[in-house]
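In the two complexes that follow, chain A is the common piece, with chain B as its partner first and chain C second.
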Partner chain A sequence: MSDPQTPNNQIPEENAGMAARGSNKITFLPPDAPLLRVDNVSTTFHTPRGDVRAVSNISFEVRSNEVVGIVGESGSGKTVLSRTLMGLQPRHGVTVDGSITFAKRYVAERGDAIDGQVPENPLVGFEVARAKESDLRTVWGVEVAMVFQDPMTSLNPVQRVGNQISEGLRVRQGMSKADAKKRAIELLTQVGIPSPEERYRAYPNQLSGGMRQRVMIAIALACNPRLLLADEPTTGLDVTIQAQILNLLEDLQRRYHMSVLLVTHDLGVVATRTDRIVVMYGGRVVECGNTRDVFYGHRMPYTEALLKSTPKISNSSHSRLQTIPGRPPDILNLPPGCSFAPRCSYATEKCHQERPELEATENEGHFFACWNPLPARKTPPATRSDASEIGVDSVRD
Partner chain B sequence: MGKYLLRRLIFLVWILIAVSIICFMIIHLLPGSPSEAILGTGWTPQGAALLNKQLGLDQPLIMQYLTWLGHVLTLNFGQDYITQTSIASTLKVALPPTIELVVLSQLISLGLAIPVATFAALRPNKLFDKLANLGSFGLLSVPTYVIITLLYIPITQWLNVPNSGTASYVPMSQGLLTNLESLLIPIVALSIGSFVVYFRVFRADLISTLQEEYITMARSKGISRRRILFRHAYRPSSVALISTIGVNMAGLVTGTFIAEQVAAVPGIGSSLVGAIFQPDYQLLQAIVLVTATIVIVVNFGLDLLTGYIDPRISRD
Partner chain C sequence: MTDYPPQNSIHPSPFAQSPPAFPREDHSIHEPAMPLETIDDTEHGFDKEKRQSLGWFFWCCVVYFALNVFVALFANHLHLTDPYLTTATNPNLPVNGGPTSANWFGTDELGRDIFSRVLYGARVSLSIGFGAITIGFLIGGTLGVYAAFRRKKIDAVLSVSMYTILAFPAIIFLLAFTAIWKPISLNKIIILLGIASIPAVYRVIRGSTLAAGSREFVMAAKVQGASDFRIIFKEILPNILPTAISFYMIGVATLIILEGALAVLGTSVPPPTPSWGNMINEGISYINSPNTGVGPWLVLFPGLAFCLLLLSINYIGDKLREHFDVTEGKL
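Let's look at the complex of A and B:
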């Protein structure tokens, strides 16, 4: 990963924000361009009580075939961030600053002026942050899809689940009703729903929570997106079902060569399933890097606290689980310094006064924001039993 | 859905039986007796006994009820001893204008309320929404008879429909246009009354539906706004509206009666008021029974519609 403060400019400036639509000069992205480039993104809500910056200066990248985890407590801005990346924030009362560039599959349109040769799998930059909804619709579902947090409220209660899956296929891919139904039943089978023909006709209230989340995943996968945004996909589910759903997502990610952005509060979830981790606190990135670097060599005390508060099998029974003292910060009233300082045992006067910026470690792509970081440690080489070495029991059956 | 339909159907039958018993008892609960009404000044105990025997009034109450029910089910409401005509023929004349008023006012009010509420709900708290809200709130507080009175000048003078709302009711058989002209004032008044209720209910429901997570989910599939509105938002939003139509039906009956009185329409309402002042208990009984049955059957139909629209309601 490049430096989050000064991202490498692989995409020419004039190209960002260009939706491939009529009489545009089309410049293709290099084939190895990141799928999603989030550059200095902030989301501000204009409320009657004043402006609230729920997400501040976030930068990271998601490359193709990569799984990136976004971790943080409730209220850390994860959900706001994932909706912002999706372009789902309302038009009114919300401002999104910065740039969210998505590498979109190029489909030739009349009036396009091609710059140079057309590559084999042509990609063009699509700027999400300032796109109109009508342009976003060209990306939603077919390029980037979302698995919503709560399967109880995210499915339309008065529509058969089959219709909700096949709708995208019919509207976006122009499939006939019969073909769409066939494909929807196929998808239901792939997400592990028994007797899919019967379930195709079911209403959401006739399915269990785990089943509904599987249906949500089938809906998201329907049009073969290249990026899947999973916003706490297992929060409302039993632990055993959680593991099943996460394994399913992992399998599907491999099978469809998707990139996945996995948003969660559970470090166990991201421990073995992600390539990279972004730790958020108070709407900011406080640490990010390769999963192994973050787990073994985390420098930010908040990451340490999060890791310590994750239950492990190696803990002796009936022992007290470590918790992080205090409460998550009130984003309406963030402290001037490091937002974690009030809860941090290493905090000094400087931490309360001045906000630390992200700084690089010796590990490539590993950054942290802290005035009094934990000592640097060397990340051991990868082994087969990574999860147990990391000390976190990943949610895995 | 099958079981739901059966359940509602059984419920419907029970309600109708209860209504018929109440209507039957009206005559027995009211002061005076049929013999007094029929014989008038020529009443003698012997004459009354003879008449009661002829009319079957000496039978036990349950037998009287069953006989009466049998007649009513074959739409035989008997002979009116006051006007010397069959009650069925009176109803046949009085029902059409009332049904016309109800059906047209419902179609007009729904036809206006749904698009106006949609327009308002798509941009809540913006100018159009605020104006529509304010207007509907104002109209909600004005009773139907005041609206009718206020409509006379605009409709008869400005729109130049002089025969509207006067005693010159024209039945549909004499030309639809003149018929509609003569009913214009009560139709407009009743439509306004229903419109404000439907607008407010549907707008509120649509606004809350559009904020549901499943609407955001539908958007994230990349489907058009129109499709989201019609396919995803309308159906869950219409349940409360349909229930409101059912509740409004009962209120509409009395509203129609008032409107008919004020606008001089010879419908059921006018007949009812006449029957009360006469007093003509037989006619009264028949009118109460018929209107109650219509309201109940319409509500039954709306219940089925609700069950069809929201499978959570009709789930077996």
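Let's look at the complex of A and C:
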């Protein structure tokens, strides 16, 4: 598959996997390199029933200060992808192909500067897919952090939340106990937790779901990561808290100048909060592009079906919610053709036989994979509150 | 470690800031930057910290257990009758005498005071129970945590060998070694019982480490960059502590019984030492002989001491596990 994105400056081929396992060769990246570059990544699970390719040939990029949404149904490979991007897949039984390059802040270690030449604010490429765990640890937390899906299980039940926040600060940033506590309380305030001094001493079971997710976000932000990977951060929460958490994430993204990779099944979540969207189906990218292009000028019938099945507040009451017929594909035996074909109303014989590759539209950076695409539409210029126009109610409070 | 810009400052971005394809809707315009919504959504009541009461029976057990420990520690300061004093030194002592005001639990076939011997017996039983299970936890627990954390080959090798040992009856192993490793003493019994308890401890600790290690908060700690050492000591160990404490107490009880079994078979600590098992073993030969016509006190009181101590230990262990058990259901 060709690289759907057209970065201004490609990472030179020989530099792509330089922090690979065992080699400590440092190569500096061009200053406008993307923060995260996912190139042709596939994740295969070796199971007794055969190899399962949960994620196939995914390529996309996250630039700095950018919010990218990954959207798909359950079973589309979103969570596998996010774990793969973090380097969290177990070493045995799973194969990760392709390359995941993270532009890491350069820290001089053991005199490894090349010929004594260190550019200003240099970045080095860090190959996540083949990195050792000890190398990943230099990236986890300080460069890339993760907010998990279920705040009920992702906090240690027997440690006070304050300790869980300040621990990262003390270990990773070498803060003193008092400084770390001060900073942790500051973080708790920033994520909107009332009376943070008291909550600092609370155990997770004394906090509600929304509060726990705020604590998780505070933990993730503790060491100033540049990329925050939020894997369905609002799934376990009710709608009003969802909106609060999403607004919080957005506010913090602006304040900390982070990039955010927002993994979700909810188009309402990504509608007004992302710069770009990647739509996944059956472990593959079926459409990706700027948020406006995807919402207004989507070409892939699956994106259309997803948009149509989103409940809208403008619907008359008791009107039937549109659904996508059929079930998500069984990734153990994917059809030879387009994996959405069995559920697609536009499907032809060709769709069942041959898999479409991603092809570009006239919009820059907008790609889709379909034999019978919807007619191209011109994306209208940006206006305020597009969300209601394109027919999706974004999650707002 | 890494040198970072001061907190809250803008990262000096090395990227040429390419403008986004189209401006994102700026929510921050109509929202206050700080503080964000400070809505108190503590539904569960932050201050209403409630702990279930442990119940009066638990405290009875604790008092009884504490009494045993106290007696075991300070038996020689309690001005008891000498438990080794026999008719050989004092021919006036009653032989196989029933309970009297002088000998509360009666006397045995050598005229020794059973009350005093039962109290001294607590010393043997408790030191064996706690000593042996501590050895078991030090070795078996460490191996269990290590195997569950490392997985792969080391786990496979350790687990197979532990289950092989577990399949072999412990009492046979103990009888064999007490027969070989002569002369047998209290320390040797503690070491042997400790070794015998390793596989069981290993199995329990490995299982709960596996369960705790696969929970999401361990992964969350990992992506924060926590080292293996930290994950084991800060994330996993506190979470397996309830199981460990409970199994520790149950292990104490089981090993006390095992020592009793060995003593009744005559291969535990050598006879003059007052141990409950030894007392039962010696008493059995007199309890049923018609010509002496003795009462049941020879085995009743050491048996009762066994029974009550084990009951209290088991109950304490169980209640503690219930009390400290932080399960997802309760969160």
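Here is the rule we go by: the second predicted complex is superposed on the first by the 376 of 397 C-alpha atoms of A that agree within 3 Å, B and C clash if a C-alpha of one lies under 4 Å from a C-alpha of the other, contacts with A are read in each partner's own complex, and residues count from 1 in each chain.
By our rule, a residue touches a chain if its C-beta (ideal position, glycine included) is under 8 Å from a C-beta of that chain, and two chains touch if they have at least 3 such contacts.
Small disclaimer: the values here were computed from a predicted structure and weren't measured.
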Aligned on chain A, chain B and chain C: do they clash or fit? clash
Looking at the overlay, does A:R172 come into contact with chain B only (first), chain C only (second), both, or neither? both
Quick one: classify A:Q353 as touching chain B (first), chain C (second), both or neither. neither
Where does A:T95 make contact in the superposed view: on chain B (first), on chain C (second), on both, or on neither? neither
Looking at the overlay, what does A:T47 touch: chain B (first), chain C (second), both, or neither? neither
Based on the superposed arrangement, let me know which partner A:R137 touches: chain B (first), chain C (second), both, or neither? both
Partner chain(s) touched by A:M146 [first = chain B, second = chain C, both, neither]: both
Residue contacts with chain A in the superposition, chain B compared against chain C: C
Per the contact definition in the header, classify A:S154: touching chain B only (first), chain C only (second), both, or neither. both
From the superposed pair, tell me which chain A residues show up as contacts to chain B and also as contacts to chain C. 86, 88, 137-142, 145-146, 148, 150, 153-159, 167-168, 171-172, 205-206, 216, 219, 222-223
List of chain A residues in touch with chain B within their complex: 86, 88, 133, 136-142, 145-146, 148, 150, 153-159, 167-168, 171-172, 203, 205-206, 216, 219, 222-223
Within their complex, chain B touches chain A through residues 212-214, 216-225, 227, 231-232, 235-236, 309-312, 315
Complex contacts: residues of chain C adjacent to chain A: 1-5, 7-8, 10-18, 20-25, 27-28, 31, 33-44, 46, 49, 152, 215-217, 219-227, 230, 234-235, 238-239, 241, 326, 328, 330-331
Help me check something: in the complex, which residues belonging to chain A touch chain C? 8, 31-33, 35, 63-67, 86, 88, 92, 105, 107, 120-123, 137-142, 145-146, 148, 150, 152-159, 167-168, 171-174, 183, 186, 189-194, 198-199, 202, 204-208, 210-211, 216, 219-220, 222-224, 226, 241, 244, 247-248, 250-251, 254-257, 272-276, 290-293, 364-365, 382, 384-386
